[in-house]
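Before I ask anything, here is the structure I am working with.
Going by the order they are written in, the chains are A, B, C and D; count residues from 1 in each one.
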């Protein structure tokens, strides 16, 4: 019953096998090797376009380095109020951008809406250099509330951003889950919808540590290799990333893993919906569930070994309130989640309510 | 009819005279001179306490350097949504703090309310080092909407801040106007109300360029001289600041200047209130007026040589809306504003309405 | 004949086996897992003391983050003129320290001598905040010229540093090779010799990517976790590092690997010394050889598939000059270097000279 | 007998008079005023070319902001070992450049020689992004040893710099003294000799605080206004700078002031040369003298009220040594130095030697 996070697994066996295979033999260092090259080619095929792709070990590095190529230090980055980059990555964006401003423009809706963006862009001061120019919009796909932007929704935001001189970043830590959810192509959900730079995360969905910054807008990539090296993010044994990515992409493995996680989440959501005292806060569109439940139940579950996290109550939509004896929990499924885990979890819920009713 | 800004004047004659007097003769450089020493002593007397005081040339430098002594690069600074430090000082706070996060916690009320602060502190994540710790609260006195925090209001915010581990910064670019408005002592409006560091601005109210960072909490000052030098803000001819400050403080000159500006604002507000088509947005508590007026009138006034600025519409309180044919304007009085300027301004308004009615 | 770099191998089989073993099962993220804990315990045992240890993926990250805990942004870091941190890590130290100064104090001797340090400390200005205070000394072990500091040599430098208020950093990218060379304990070559912070590298000597910042002076570690997260260097799947380190340290595996590489270097040096036209620049004390050779020979070797790099001629000692038709090359052995590689290499040399003489 | 520094005076009477005149009346803020405009026009006339000019309050700000427009954070700035920017301006260059590297390339000769530059450029690594690319050369005019680069010398260095992709910065804190010394035009000593950006200092030579960053290479100025604002260096009452500069440039006033200081230095040098026990270290080419003298004499002079500073002994040329009972002193003349000061100073020396001989 491990619903804590999708980063609490190891690598998938296919990814690990490729890593093991790549371990032998001599290669040049710093990404100048056949595994890295093969991985970049696989990404070009996957996204059906030319692109520049650079590997790093963490999502925080990927996002911050990507954003540092998109804004000047006296400009700002717009994002949702609960975006990972503003909530969970310390002040990494400020470090790597040389001190650009982070600015949340959306609250309480789980995704950035065109209205959020429009309202902000209409009221922002433009008396430069006094005011801070908005230069990048960051969209999280799937969002921190487990919601997925459709290609059309991404397009609308991207167009609005570009009309105002902003470039578009996508934090794709769960991009695989989003693609699996939308049943569209990776291209449709990224550059065809106006995304300039995508941080594609494999770690949460089958890799051990493999994140890749993909520049569809190649002009933005000019300084990336300098920034990556300077940030200590250029690994000497580049095959580590290349091999994982090759294994992850091979035969749609990445999509199978994501689909598995999504399906587990959907099924768990259905099971949870059968209990009156548990409230699903958002529709389940990827591999995360957000649930309001009685505190007593939460303690009961955790005592029995179930893992999940309390979540930020300020991310709740305005129409939903939480009582003093309730908690707001996030449950995450992954590529290793098994049916039995869900069943055990629901058994525990049933037991709890039987006991408390009795 | 110069209501553009209180920084569009020169120095008061008393300040200029002292500067001229200080120009002669030899002194040591970098603030090691009798004028600087005299100014610091005068500040101690004024604030009735021991303190550390450091001069810089701009309010942006004062605020950013002060804040850099109060937060780590992985912490955040809380302020009102229209605070000068977040709206009009580029990303200077990020530069000088090494990339700390700026975070607005209040919108639409002209001042930070205890509820704003409490709400934010209750929902902020505390899973360090992932989340960003709030480490400083910045209060602008008088606020960017021309409102003044009473000593009691400052105290309530300070107490709440300190109970949560935040230190308290006051942007006192118009501190003189606030003191004049409150008829309290400078001490009561600063350290006695819990302020750790005050950036006291003389420039807007009679000096040519003189801002002073005052540490009531002297422990926070440990690294200031390094930061000031490194920021290029240590002037070689320190007498420039010392002399201005000595002249500004002498015989309550600063308070007379501020009182003059405030009185002009109050009187202008009264005159404006007589016109039905002009709406004062906030009560006038210092030397700024915020007015909604017909666009046609604004053009008429500016064509006749009146100066004032369009202001940020997102700083309007939620209950006030602005029509398409209206503008939101800020008018600022200063120590040189004359009665005749107000009268000429009101004559122009009258003329306009006579003409349009006819 | 792969003498390009010791980072052009994969992981040793023991390290890879442990990584594979650790891949299964559920753990908490971000280093809160049993593998990381076990690795830290193993380091305490190895170094015979309490310590704080933090894993990162690259040597550049390790060094820069370590140094950022040791100096203020207005202070400086002293190092050898050819130190990796000043020559090969871009401006990462400046990034992570918030802009501290890098300062080389030694040229042309392959190691920092006490005289270098003393000379610098005696002439440096101390008129703060104008001058830049020296706050840390960085020693590379083994040095970039393949030389090893004895425990006594480290002690002398450390004592001099501390007498002048500097703390001591050791870049231990090849610490294993140095220990193997000195036949002393890791403790004797680090904290017992006055080292405050050691960046211990496993990557070059058997791991895939595993570097650990070890604080013997635990007070310096206060802010490390914030800095690592903020630098994007906190991996979610911490077992990656933990497992590698456990495998690397188990049964003195690390020392065997290092000893193998050192022995290969020593033997290659002996072979090279038999050729008149090749000149060994430094005594071989670890796993690197620095050789002056005819350009024609170098081209011949590389055409035949031998790999090695041209090296920085300004690192040559003052008494050694290089002719126009010569090159200065670095050859590195590793834990996978085989006897046959050396023999093939020497055969090529012999062939070349036979051919040219003929 | 004030030979401490040329920043220990006030403003010249002509500069102060212009400042007083500019104090009256209303102007726009932030440099959008007639005084600033007039000053920029005067600079264009003086330098016989189009240019961009921006005022700041300190030489440290001018230099650091200028350099920040010339290098990326992963590049380096080359300068003389005793350059003010590397020795006396804390780590301001690192702050404003976002962490670029400072690198001294010359020691012991008082000026950068073409050989220094050539040697460095030949040996520097070019394996990017690992190595740090040299991107700017900074020349101090007059140098920190009081020496002046001739137009031809500047040209040679500039050409070499540009051939290697570096742009050329001139720290002109004493540019006026250098022009007076060379009897050439300001244009000949700056852009005609290849200087891209000149930081022209008026403060040391007659102003109260007025430094101006002059971009002859206007493309480099693109981001300057953002950087200045963000650094807290955009003064609201811009007339302060404009008026000083107008007064300083009017009727060759600046050159008269510089000539006066230079002449005083030359005469003092002649007087000092008459004493056997005092040794002039460098030829006097501007307004600074560097003298080795007996410690006893130094104490005698200072006890009698003479002011001068001990200087960095590591700036001594290699052929000059200093005995234990000697000190190395810097004496600076200024636009207010009077003959009587020199005479009193020499009388004191005579008295001292009479007394010690007796």
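Everything that follows uses one rule, which is that a residue touches a chain if its C-beta (ideal position, glycine included) is under 8 Å from a C-beta of that chain, and two chains touch if they have at least 3 such contacts.
Quick caveat: nothing in here was measured; it's all calculated off a predicted structure.
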Among the other chains, which touch subunit C and subunit D together?
-> A, B
What chain lies farthest away from subunit A once each centre is taken as the mean of the Cα atoms?
-> D
Between subunit A and subunit C, the Cα-mean centres are separated in Å by 35
With chain centres defined as C-alpha means, what is the inter-centre distance between subunit A and subunit B in Å?
-> 41
Can you check how far apart subunit A and subunit D are, centre to centre, with Cα atoms defining each centre and the answer in Å?
-> 52
What are the residues of subunit A that contact at least two other chains?
-> 73-74, 89-91, 95, 98, 129-130, 226, 229-230, 234
Okay, in this complex, where on subunit A does subunit D touch?
-> 72-74, 98, 128-130, 223, 225-230, 234
The residues of subunit D that touch subunit B in their complex are 2, 4-5, 7-11, 16, 20, 22-29, 56-62, 64-65, 89-92, 95-96, 203-204, 208-209, 226, 229-237, 239-240
Going by the contact rule at the top, pick out the subunit D residues touching subunit C in the complex.
-> 73-76, 87-91, 94-95, 98-102, 123, 125, 127, 129-132, 312-314
